[in-house]
Amino acid sequence: MPAMPLLDIKNLSVEFTTRAGTFRAVDGIDLTVDEGEVVGIVGESGSGKSVTSLAVMGLLGSNGTVVADRMHFGGKDLLAMSPSQRRKITGKDVAMVFQEPMTSLNPCFTVGFQIMETLKVHEGLSGKALRNRAIELLEQVGIPAPESRLSAFPHQLSGGMNQRVMIAIAIACNPRLLVADEPTTALDVTIQKQILDLLVRLQKERGMALILITHDMGVVAETAQRVVVMYAGQVAETRPVDALFKAPRHPYTGALLDALPERALGKRRLPTIPGVVPGIGDRPQGCLFNPRCRFANDRCRIERPALFDVDAGKARCFYPLADAPVGAGEVL
Amino acid sequence: MTTPTTTGVPETLPAASPPVSQPPHPLVEFWYHFRQNKGAMAGLAVILLIAVVALFAELVAPHDPNIQYRDAILVPPVWQEGGRWAFLLGTDDIGRDMLSRLIFGARLSMMIGLIVVTLSLAVGLALGMIAGFFGGVTDALVMRLMDILLSLPSLLLAVVVAAILGPGLVNAMLAVSIVVIPHYARLTRAAVMAETNKDYVVASRVAGAGPLRLMLVVILPNCVAPLIVQATLGFSTAILDAAALGFLGLGAQPPTPEWGTMLASSLQFLQRAPWVVTWPGVAILVTVLAFNLLGDGLRDALDPKLKR
Amino acid sequence: MLRFILTRVSLVIPTFLGVTFLTFLLIRLVPGDPIEVRVGERGIPPERLLELRHELGLDRPLWHQFLDYIGGVLQGDLGVSLVTRNSVFSEFVTLFPATLELAALAMLFATVVGLPAGIIAAVRRGSIFDHGVMGISLTGYSMPIFWWGLLLILFFSVGLGWTPVSGRLDLLYYVEPVTGFMLIDTLMAGEYGAFWSALHHLILPMIVLGTVPLAVVARMTRSAMLEVLGEDYIRTAKAKGLAGKRVIGMHALRNALIPVVTVIGLQVGTLLGGAILTETIFSWPGVGKWLIESINRRDYPALQGGVLLIATTVMTVNLLVDVLYGVLNPRIRHSR
């Protein structure tokens, strides 16, 4: 019998009530993360990947309704917890790093205060021990001269530095799961790599699980062990990273891979996926991807596919792609 | 082949693409947002009512506001003991009908609001445009002057101006107008400076539009929204401040049925006949509140940032 | 930080000079010759008039007179009241604590009630409480405070007899003015009965004067909190597992306070203007009532001096608020 996963989510849905009606941002997804595993969640903007992570953290506002058959963390039912029980886990055992480092830190408090706050609340540290731990954390995330940075305000640091501070806050209490929501998107290209390497290094050193949310397939290829591809609030495909990159089964995954510049070498134009993710009121009948799918036929336009078993994982498609996907043929 | 048919595009496009909807006319959209604000609608209704009453004061008022009924001094409102149907809201200390005086007072207050807003808006707009458009020394001079006016509490400034000019309704209106000019000037200047560097203004400038045309035809229409809001709120300030001046004896003089003046001249009857003090105040509060509700509603409906 | 303060101060100086010039002009704008205004209706022989004009320097060019005036102002010489023959400055200084005490309590009242009301309204956006706060504060904002004061007197003083109608202290008591602040003076003298009496006298004027600032503070706090609550760093604070109280009371409020403090500072002008009305209604012996009396007595030097001193007070407070803004907002403090 395999060990119980660290995070175990079954049939999670998130709905938002707006003036225009109810909008289902996440639609019945399953997600498991094992202890020490790196899972990449990939999708375009609006695919529901950020909302999923916020639901895991319990950070959705009052207009977001979370429903799930099961949502367990470390064997405990997250949905059955009282808000104060939940807060004991949030920020301690599950921590999160956000997309915008410049706005995610409170501009009125020093970096040191914001790191020590977490340690004080969850670990009960104080005084010299608290300060030393904060310095140690800043060192671990690669911030030079950490003692002097404790008294710096976020606006005095660069975006990359702020993201390191965010990471320091997130790992302060040795979380078992770190959720990183597009941690490098807002940063300069040169800094992106550094932050990503830092995350991977910390994950390995500490053996914590990592959910890496991104729209960048290349990032996933370098870091993740397993990939969840999301489309319009649903899981389109979920498989181990090697298998997925070698032979994507869902046409959407295939199209995402084709859009990678390194796979489009020799082509005159970078392939793109026409259209956008369906929004609040324009969800098509049948497969949600059918309006943008090259292979869609009448069945795809009428019937909505379930998640079918494919080799080493699942894909939500009636006609999974064969081993040598069209379009990827010119590569390799 | 007269009827062109759709070409043979395979049906990979969404089967039912939604019909392309025309964006609604800005005024229609504005009205749609405004109508949902119940407070603003209530304010608008009250203002319209007061405006109609003020306009037809002679027809609506049961009595002449200045006739003194010697046999009806300090008659209480009709629902109190001793009240008379002839004087619905009672009479004052020299036997004048309260309701009629309030109705004619409404005319005065609306007029005060209209004149003050027009005057201050015109001057403030001109100053703000000049400052924002020409910049440099002109801008610095105008805005320093506005800073000086703003550094004095507005009521104090109005009191001082009224004291210099001498008491009276016209002088009170002038005083209040001067006090609020800086608000319009600052608003206009900010809007003009924000618009001046936009491409469409540069384009008209390149096309040879003169400064006057640029200011009035090109830039002005684009900063109207905040000015409308400010002008609406300006009505309430004007009515409130003019009434305060009247109360202090520096505004309209008795027997003018101005609400603030009415309050001041009936102060000694506060205990004996509370109604002579109550009604003018209620009239001021309701009118000012209505304009503030309307102004808030206009701001919400006109400000695209707050639109959901 | 020092540079920041110095910059602010240097920006105020031209405004101060402008206000001084304006008040200098004030007495000259009043219809009639300043001397004739001073001697009143008794009249004066023409040669004496010329003499007086020379004595007072009124025959010198305007800019020269202005320099003299500024020189006087900087030494605290604001002329002499026509009615009492006292120095305008010393009259103002004697009366000012009464106004300051009232204004400070009114601001305290407005902040203590308005800040929590605005915070709760923002946190429970759309609730009945929110609608109630917004409705009441808009009404308060629209209130003609001179009428509001009369209503409160009618109800609490005349009707219920709970509070006195006017003045600062019962005639039973006499307390030697040391600071001029009645609450402090009575305590220093150990007269607790007098202290309660002073407090009683303060309640209604405080509420009346504090009504408009209360409305402004509540509305501003609500909108500032609403804006801040949508910021990314609030989400971060929640992601740290902090309790709601700490997220709102610390992370959100600390940021929302920046605009709120500015607004509170700007209310000082409103307070000193409103003091004119409040003091008139409650016969409060402060500078507001004194100014109106000066106008009625055509005591123009007193009016001139009073206006300048009040304007200076407002400018000083605004300057302090500016500095405080820098203290509260690290982005400003460090960038200049």
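All chains are identified by letter, namely A, B and C, in their written order; residue positions are counted from 1 within each chain.
The rule is short, and it goes like this: a contact is a pair of C-beta atoms (placed from the backbone, for glycine too) under 8 Å apart; a residue touches a chain by one contact, two chains touch by 3 or more.
Just so it is clear, the model here is predicted, and its values are computed rather than measured.
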Selected interface, B-C versus A-C, where C-beta contact pairs are more numerous | B-C
From chain B, the most remote chain by mean C-alpha position | A
Per the C-alpha means, the centres of chain A and chain B lie apart by a whole-Å value of 52
For chain A and chain C, what's the span in angstrom between their mean Cα positions?
-> 54
Centroid spacing, where centroids are CA-atom means, of chain B and chain C in whole angstrom | 26
Counting only residues that touch at least 2 other chains, which ones in chain A make the list?
-> none
State the interface residues of chain C toward chain A in the complex, per the touch definition above.
-> 231-233, 235-244, 251, 254-255, 258, 328-331, 334-335
Touching residues on chain B, where the partner in the complex is chain C = 39, 144-145, 147-148, 151-156, 159-160, 163-164, 166, 236, 240, 243-244, 247-250, 260, 263, 267, 270-271, 274, 277-278, 280-281, 284-285, 288-289, 292-293, 296
Chain B-touching residues of chain C, taken from the complex the two chains share = 14-15, 18-19, 22, 26, 29-31, 135, 138-139, 141-144, 146-148, 150-151, 153-154, 158, 269-274, 276-277, 280, 291-292, 295-296, 303, 307, 310-311, 314-315, 318
Which of the residues in chain A come into contact with chain C in the complex?
-> 57, 59, 83-84, 87-92, 95-96, 98, 100, 103-109, 117-118, 121-122, 153, 155-156, 166, 169
